[in-house]
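Both complexes shown next keep chain A, but they swap its partner, so chain B is in the first and chain C is in the second.
Presenting the complex of A and B:
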């Protein structure tokens, strides 16, 4: 059974994903050299086949926070009659990505063990 | 379907109408709204689409302002902490400690107080000039608005001197006060200079 999970919505299960927004952004930027905000929302939607939908209201504050913390650097380029702000990882951001992904892997592993205790004992 | 220059200007004018005055905020909003509109339902009128995004637009500016302000404050604290663990900075901290102690021993309190006031005022005067030296550029950028607020906490030392006068007569309190006042102000001044240079560099591409 698939449910569409959205950020900043009233669905209870979205809370599980809220804490992972930073990790999702860092992972996306780790795989692409640079990305702009709207591109990130579309990429997440495409990768998860529409299961995960990052709203603009949640994405930009997270991006600005990461930029302010020095994890992201910005680059402005003229594209299609307008200026576009691209985000890319800084050196500090690269280190943080590795650490966040490790943290997430451990979390998933622990939850899997918790959900299937018999399986892990085997 | 890509938006024309006229439609981009329409988005920009709509943002200005909503009192989104900073260039760095409008730049990102224009691109996001244009990209979203280009990818969304083509039957919708641009104006109707923009009306549906009012809450997002107003939230965007407010949240960004808050994030920038607190990040500047955090950076100032981080810079201050460096004076206690980074070897290059620690050398300065030790020298300052000796200087403050030695001067307090040599000079009577009244002269020392004058030295404190002059030293702190000099840093503040420099910060004031640095904050307003590119006034025309800075007033267009949201990221430049909380720049001078970096010096808000360090300036408390200067402004609280009158109230702290009875305690300043105590030698140890006096030395501690002077020592931390100088460190806070220097940490603030370094952060202000770094942020100012970063903003000026960034502004070259957008203004």
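Presenting the complex of A and C:
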């Protein structure tokens, strides 16, 4: 029976991705007004074509930490017979997103330079 | 396919029986699991809710329980941070100053032994009364348990062990003038901590009430 079902017991993603989880969450919320946990995991999966899979065990503690730091605001709504917790960026969260994305861009640029060094004789 | 009220209740009860006792933690897990099951049931018409649920749990139960632990650790960190923030307010400073001066005058008039009893008994009495009220409210009104409300009690016990240890270290100098100031200081810290604790407890309860008013 289990073979029919498409749940995949995914292996943990690389530690490199784990270090960027906060930035990923902030970027997702920056592009939507509000999102809930499951929606975030599916959006990341879709954008990365299944390359990146965020587990609940990593996502929710990160969301709660951002909420405690005042970067996220929450709203609980009743949807389809259950309560759903939506997350959205606060003003502080918006500022932090800009700074985190800049930081990530710099990091990627540095890593690209490191991986493809253009050596010169000068 | 959307899950029925009974399906949602089944997931919630399963998680509660799996020792995920707090409603605020379960609520998010229930929605996550239900969303995953709905997506799976959309893909296959032959699949029943129970088969999909069983398959989901085979893959994810261990991770969900781990998530529960992580959530609780986070709750402790947040509570300690909130109590610390509430300790550093003007009101807390006024409570501290008011109590230290009153306690010093009290020691002068009634002796050190009286305040020593108060240092031990006041926080303990406060905790017992609060604990009894909480248990009675849970039983009588059949409220859900919330992680922040319950765990703040443990944080309180831990913090008062620190204050008591401080008191034990200083009590042998009680005969001296400086020792009496220290004793009054320890008592003032206890009272300020109680003030910050009550302020934190009220703010998290209000927050739960606002966020989860459909549950409470």
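Just so it is clear, the second predicted complex is superposed on the first by the 105 of 122 C-alpha atoms of A that agree within 3 Å, B and C clash if a C-alpha of one lies under 4 Å from a C-alpha of the other, contacts with A are read in each partner's own complex, and residues count from 1 in each chain.
The criterion applied here is as follows: a residue touches a chain if its C-beta (ideal position, glycine included) is under 8 Å from a C-beta of that chain, and two chains touch if they have at least 3 such contacts.
Small disclaimer: the values here were computed from a predicted structure and weren't measured.
Which of chain B and chain C touches more residues of chain A: that partner is C.
Contacts of A:84 after superposition: both chain B and chain C are touched. By the touch criterion defined above, A:74 lies against chain B and chain C together after alignment on the C-alpha atoms of chain A.
Chain A residues 36-39, 42, 56-57, 60-61, 64-65, 68, 74, 76, 79-85 lie at the interface with chain B in one structure and with chain C in the other. Of all the residues in chain B, the ones that touch chain A in their complex are 2-5, 8, 27-28, 30-32, 34-36, 39, 55-56, 59-60, 63-64, 67-68, 70-71, 202, 205-206.
Only residues 2-5, 7-8, 27-32, 34-36, 38-40, 43-44, 46-47, 51-52, 55-56, 58-60, 63-64, 66-67, 70-71, 73-74, 77-78, 81, 211-212, 214-215 of chain C touch chain A when the two sit together in their complex.
By the touch criterion given at the top, residues 36-39, 42, 56-57, 60-61, 64-65, 68-69, 74, 76, 79-85 of chain A touch chain B in their complex.
Residue ranges of chain A in contact with chain C, taken from their complex: 1-2, 4-9, 36-39, 42, 55-57, 60-61, 64-65, 68, 74, 76, 78-85.
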